[in-house]
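A short write-up of the structure that comes next.
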Amino acid sequence: MASSHLSIAIGRIRKDSLAKAGLCVVCLFVLVALLDVVPVPAHDAGGVRWGRTALDVLFQKDVEKSYSPPLARTGILNRLEFPLKSRHLLGTNNLGEDVLYNALKGVRTAFIIGIVPSVIAAVFAILFGLLAGFYGGWIDDVIQYVYQVLSSIPAILLLIAMLMVMERGLWQLCVALGVTSWVGLCRLIRGETLKVKQMEYIEAARALGASDSRLLFRHILPNVMHLVIIEITLDFSGLVMSEAVLTFIGLGAEPGTGSWGRMIMTADRELPNGIWWNLTGASVFLFLLVLAFNLFADALRDALDPRLRAG
Amino acid sequence: MAYYIVRRLLLAVPTVLGVCLFTFLLFNVFASPEAIARKQLGKNPTPVQVKTWISSHGMDKPMFFNFERGRDNAVHPFDSRFWNHMKELVLFQFPESDYLHEKVSSLLKEKIVPSLTITVPAFLLSILITLPLALFIAYYRGTYLDRMALFVCVILMSIVILNYIIFGQYFLGIVLKYFPVYGYEFGLGAWRFVLLPVILAVASGLGGGLRFYRTVMLNEVRADYVRTAMAKGVSEEMILFKHVLKNAMIPILTVTVLSIPFLITGSLLLEMYFGIPGMGNMMLNAISNHDYPVIRTLVYVYSLLYIAGSILTDISYTLVDPRITFK
Amino acid sequence: MEEVVRLEDLRTYFFTDEGVARAVDGVSLSVAKGRTLGLVGESGCGKSITALSILRLVPEPQGRIVDGRITLAGREIRTLSEIEMRGIRGKLASMIFQEPMTSLNPVFTIGSQIMEAVRIHTGMGRREAGEVAIEYLEKVGIPAPRQRMSQYPHELSGGMKQRVMIAMALCLRPALLIADEPTTALDVTIQAGILKLMKDMQKETGAAVLLITHDLGIIAEMTDEVAVMYAGKIVEYGPCESIFASFCHPYTEGLFKSLPGRTARGQKLYTIAGTVPSALMFPPGCRFHTRCLLAIGRCTFDEPPLVAVADGHRAACWVRAGEG
Amino acid sequence: MILKLHTLLSRPARYFTLVGSFVTIPPPRMSLLKRSILMSLLCVLVAGLTACGNNPYRVEKGKSINYTALAEDPRTLDPAQVSDTTSAEILNQIYDSLYQNAYLDRPYKVEPALAAGYPEKHIFYEQVQEKGVAKRVARMEYVFKLKDDIYFQDDPCFPKGKGRRVTANDVIYSIKRLADPAVQATGYWLVAGKIKGMDAFFKKAAARGKADYTLDIEGISAPDDHTLKITLTEPYPAFLYVMSMPYTAPVAHEAVDYYNARGREGISRHPVGTGAYRLKSWKRQHRIVLERSPTFRKEYYPRAGAPGDRQKGLLDDAGMQLPFLDEIWYTVIPTAQPVWLLFLQGYLDSSGIPQEQFDRVITKKLDLSDAFMKKGISLEIGNDLDIYYIAFNMRDPVLGKNSYLRQALSLAYDSDLYNQIYLNGRAINAQGPLPPGVFGYDPAFRNPFKAHDLEKAKQLLAKAGYPGGVDARTGTRLELTYDIGSDSTRAREAATFDMRCFEQLGIKMRLQVNTFSQYLERTIKGTFQMTASGWLADYPDPENFLQLLYGPNKPPNPNHASFSNPEYDELYQRIKTMDDTPERLALIHRMVEIAVEECPWIFNVHTPSYVLRHSWYKNGKNHSISGNYRKYLRIDTKDRRAYWEAENRPDYTIAVYGLLLLFALSLPAVVVKYRRRRK
């Protein structure tokens, strides 16, 4: 079942040139993110250090004194020109950091934010959705009650409330985002489980003495997985964008983590002063990733579940 | 109908209690009273001051049941943090803001109007603009115009609302000087300040909305009754605007009501950028000042609004779909 | 006899990603005033597309009428503008569909749906149009029509809905009524009533009827002439009695044989082997040759023309109809 | 203006009907729907264009209004609760205290406000039993006289709404409120232990949960309505400053009782003071409007000021009755950018200079650039009494016992570059804890560990036992944690900068971002190593800065470094009770030396304030301890109007081009439609 879904999806994406383009761009971003995961050893007095990644080695540039426009030879700080140590494709920010490098550093964060929360949410949703749908009765009642309560708190407030009492950090942010977004998927899985449960082969498997856990995870789970995949791909864009917004209102990840949100955040101060490259760098990266993913996710969704064709 | 509404309201009671319970757990398990007190007491609080602050806010009481003898030498088992919290919210006796030394309810009263002056027009206007546009696109379905429009929608969807706001404020406000860059006025004068935020809110939601409505419309356009109407000689425009639109209202209603909470996010940023003294602004201030009572109350109030909204949606279904009746 | 509709060499193709589907590929037929033509064939053979082509309701942009003439009440409709066409639909020619459950708009009252048709074409006011609607609801045998006017489709049974459809189709006394499998979705007990109603209404309004069905029983009962369609083409065409008495084309034969009544008890039900070929690639020669038991060499490359086999009875088969 | 708009409008309107026309087809009902949609679109358009300009205020003619911005909403307008500069700014205009900061005089000076002249003070001695030993202790008594024409502002809390005469008991009442736990006062520390009997009163109140106002404080009495006697536990010359702060401003108990009654919003939202302005309206997080109080005492613009004031025109209004303004409009604007934009548009009368804009505004010589001069804007650079520093935790096992290490880090820190990047070079490189403008500041003093000398720093680091940043004993690299208590971008950026400075020595820095409560816990428990902090003076006395390193003031009090040096602590006790004599100066210099040598802080910068004012903003003079200065301000409304009209002309041609483009984009749709219909 799953493999046929997959082959349909591949066929569809092959035919759709936009989806193909989207997929290519996403792959490029994935490559950047992977480069930012691979550690590269560095030797110094204190021994071997593993702090830098391949991306750092490839793209990190010397820190300048302050702002410089893209590809400039000199920068300006307090009305005094200063020479640059190297050329910067997208210029430097107020700390003299290379904008391109910062933007590339944001890719890994974006992927973490885009995927980890929905995986967390998926785990919750699968667990509760399957249990509720399969066993029914009071288990179903309790789980339904919990998600009824959670879904009646607007997500953004739930998020704010959780982030206020938790420590700041990228992973904490992921957990908060995950915990606040499992409800919708859980509802879908519960419904699908109810449907699948009644199918004949499940009855047959039960008659053959299959245990509950076997039924749940070998027979029912594969039949609801396409919903999970659709949900994860569809949530990606929204999550990446919400990172920017949350950083903006002061609930983002800890510093040192690359963040497009933080780069955009300074824009309203910089833009009227003619410093557009920092904003543009982050915005374009964010836009490209989200657009590419949207194009690709649309095709994937259409392929995996024609019933769900919707905005 | 009255019976139906009463039943729905009764069914909402456990949910509301659940929300109360949730906020209690969140804000009492994680936050330490000492830290809150010090944060709120300013420059050089003495330990005695901290202690009195904590006890005056009832934070030194036991979590669930109070078996100690109180001042009147009697035991009040329900004078505990949990029961006081529940009482506060359920009976609408909202606490005082830690930071602003004011009842949250009076803050809410003052803040809700500016927020509504953005969200309501933005909400209505976006429906009013997106729906006809979606119908137009549905009219051109299958042509290159449709495909182009769809692509533009995806592009619009892929731009973060932050960018809309930053560019909108910069070009329309600062460069072209069409709108006040910052500020608000209570009363009828508000519209001048609300205009740009509303335009930006509508613009930022346009792509996603349009695409969704188009999908809904196209699903309907394929329906049999459309063919019947065509065979009767009804014009295509009429079919779209009358037959299809009314049928499409159900999914549209569901999604628009579900999207109301997202208006909060939008208005949060808009209020912050344009200096509109609404709930979003209050929320941001509460975040930066660690004003837990405000956030706690906001969570509760918004949940109530949300529950009320979903009941209203269900009722409004009956207006557009005769197949749905109150049971 | 006054000819209401005439198709000449109608070709309606669908241009899809996979290729060109020749759904209707050179159909010619005509129906006269007060007469009924039955269009019969398996599903997917192009009957419905033929009917939709007459009203120019072929789903665009993939579907297109590429060739042929459609003359409706003496007017060539292929050259008409969309606005003129709108004036014809429902007024000059109207249509009843297979699914009464979904063919009515669920969110409008049946009254308003009938009135809509009336008002579009006559410019009557609400009240007048309402009177017309009630009149026709009564005619199609709906009890208490005045009350029914404000009911919604889901409050009616399937048969009632189909009656409403008929009322809607006939309220402007069209010259041509196209009925696309009007009774297929209904219970057998209701079918008879609907068919009788159609017949009565035809008598009253004098409309020409193009009845599309795969049920030979209905054909026998209702029609004056029969056209048998296979793979986008008419393979046999003639007066009802003549065809029932002496069908000629092996496909028609197959259709008759597969009727349950014709098979003796205990025998296996006859079925035509194979399926209708895809409209994307019809076989060369006679399109039926892949399934035909009588096929000869010529059938595989040479397409048989419709030739007369009896008075007014024509068939397209090299074996049965010969060279003509 | 309006006429021009109409001609412009007529065109876009027609485009819209054209775009709409392709759906305008027979049935009348539908076109109604469409017409309504079109109409609403048009309405938005018309509204958008006729919004005509960007003035954020509803202009009231004939009123002299000062438009100004606030960084945040005031937390409270109860003088006992004030703890932030924003609340203080507004409170100062509403509540006058017995004394006020003289507006024009420099150096800073306190002058009588509600008090009639300066107080009489005398020192006397008392025998006290302390741990069974009889001790002779010096006490100080102040006798304040109140002016007799002081009335509270008119308010409904008084009979018939007429403000009552102010008496000495009102001052006592407000001092008692500081010790009332029910008030949640933030100013108790100012009087704690200083006024005789204050602590006893506070303890009693704390035990009950609220103060009993009928009890007396031993050291305070009011022999008559106009006389106030306060006895201090020790001579404390800075007490006059205490009496100039809003904490001790007279508060009417009627007002407190009235507004704190059930169902009312509380005294913190309804200030009733004796100042030149009273509260007219307050919309939370939006706007506060103050209006002139008609019952304000007779007070006149000073006739003399500091040298140079006459040339600057600051004495043009000498001898005129105060205040000049009818209203003050404070708009709450938390971010710097809108303030700047509104200032440029002329909708704020004065502004600071955002960091990002500094280059455009200020020339290399630290003057105002020509473009701004031409607009009539003027610049004043004033001393803010502040110090920014990086504190080492003296309780930390690594840093606390190793002064070489601290000195090395101090030498590695580049305050000048910090100043260039974050403060546009406007700050002063701090050499010690005292900022310029405070008694005891020595401009010639150079801190040897602030020379930014990496070589010397490395030598000291080696001396400290970490050659090259590596622990000589264990061979591991030295790693230090840097705490920040906020995750604002600014804090993070600055921390990154600071850490980079230290990393140049070869040590490793780790950033620890805390929520405020975590930060608090870490500073109190002393689990942090280094953190950046700052202090803004409460009053212009060196003691206010030197107490930051006073041993007993360790956390939770403001000595975050937990610095403790017996000699320093003893000297502090002495200078606290002294007047500004040469002897005091010498002692202060000695204290600064100790602080510099021990290096518990890296003294970073003092930041002078740069204030821009429009030409119509008269009598502006920067004062670091902001007080009730707005009563001296005058606004030339005619000038301002002219500026508004000149600077805020919207450009509608772009809008027309935009609409044309929209029209062009919708053309294909019309074409398709047309083709389809013809077919």
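A few comments on the model shown:
For reference, chains read A, B, C and D in written order, and residue numbers begin at 1 within each chain.
Here is the rule we use: a residue touches a chain if its C-beta (ideal position, glycine included) is under 8 Å from a C-beta of that chain, and two chains touch if they have at least 3 such contacts.
Owing to the predicted nature of the structure, the values given are computational and were not obtained by experimental measurement.
For the interfaces A-B and B-D, the C-beta contact count is higher for B-D.
Taking the mean of each chain's C-alpha atoms, the chain closest to the overall C-alpha centroid is B.
Mean C-alpha positions place chain A and chain C at a centre distance of 55 Å.
Averaged C-alpha coordinates put the centre of chain C at 85 Å from the centre of chain D. Centre-to-centre separation between chain A and chain B, using Cα means, comes to 24 Å.
Chain B and chain D have centres, each the mean of its CA atoms, that are 34 Å apart. Those residues of chain C in touch with two or more other chains are numbered 83, 120. Counting partners per residue, chain B has 31, 143, 174, 235, 272, 290 as the residues that reach two or more other chains. Counting partner chains per residue, chain A has residues 250, 268, 272 touching two or more of them.
Taken together, the chain D residues at the contact with chain A in this complex read 335-337, 340-341, 354-360, 362-364, 417, 420-421, 424-425, 468-470, 476-477, 487-489, 492-493, 495-497, 500, 506, 511, 513, 515, 518. Residue ranges on chain B touching chain C, taken from their complex, read 142-143, 223-225, 227-235, 243, 246-247, 320-323. Looking at the complex, you find that chain B touches chain D at residues 31-32, 35-36, 38-39, 41-49, 52-53, 55-56, 99-103, 106-107, 110-111, 114, 125, 128-129, 132, 136, 140, 143, 145, 173-174, 176-186, 189, 191-193, 195, 199, 235, 237-238, 241-242, 272, 275, 277, 281-282, 285, 290. By the touch rule above, chain B contacts chain A in their complex via residues 14-15, 18-19, 21-23, 26-27, 30-31, 151, 154-155, 157-163, 166, 169-170, 174, 208-209, 211-216, 219, 251, 255, 261-262, 264-265, 268-269, 272-273, 283-284, 287-288, 290, 292, 295-296, 298-299, 302-303, 306-307, 310. Chain contact summary for the complex, chain D toward chain B: residues 23, 25-27, 29-30, 33-34, 37, 40-41, 44, 47-49, 51, 53-58, 72-73, 75-76, 78, 81, 83-84, 181-182, 184, 186, 188-189, 192, 202, 206, 209, 265-266, 268-269, 283-287, 331-334, 338, 341-342, 345, 515-518, 520-521, 556-558, 648-652, 654-655, 668-669, 672.
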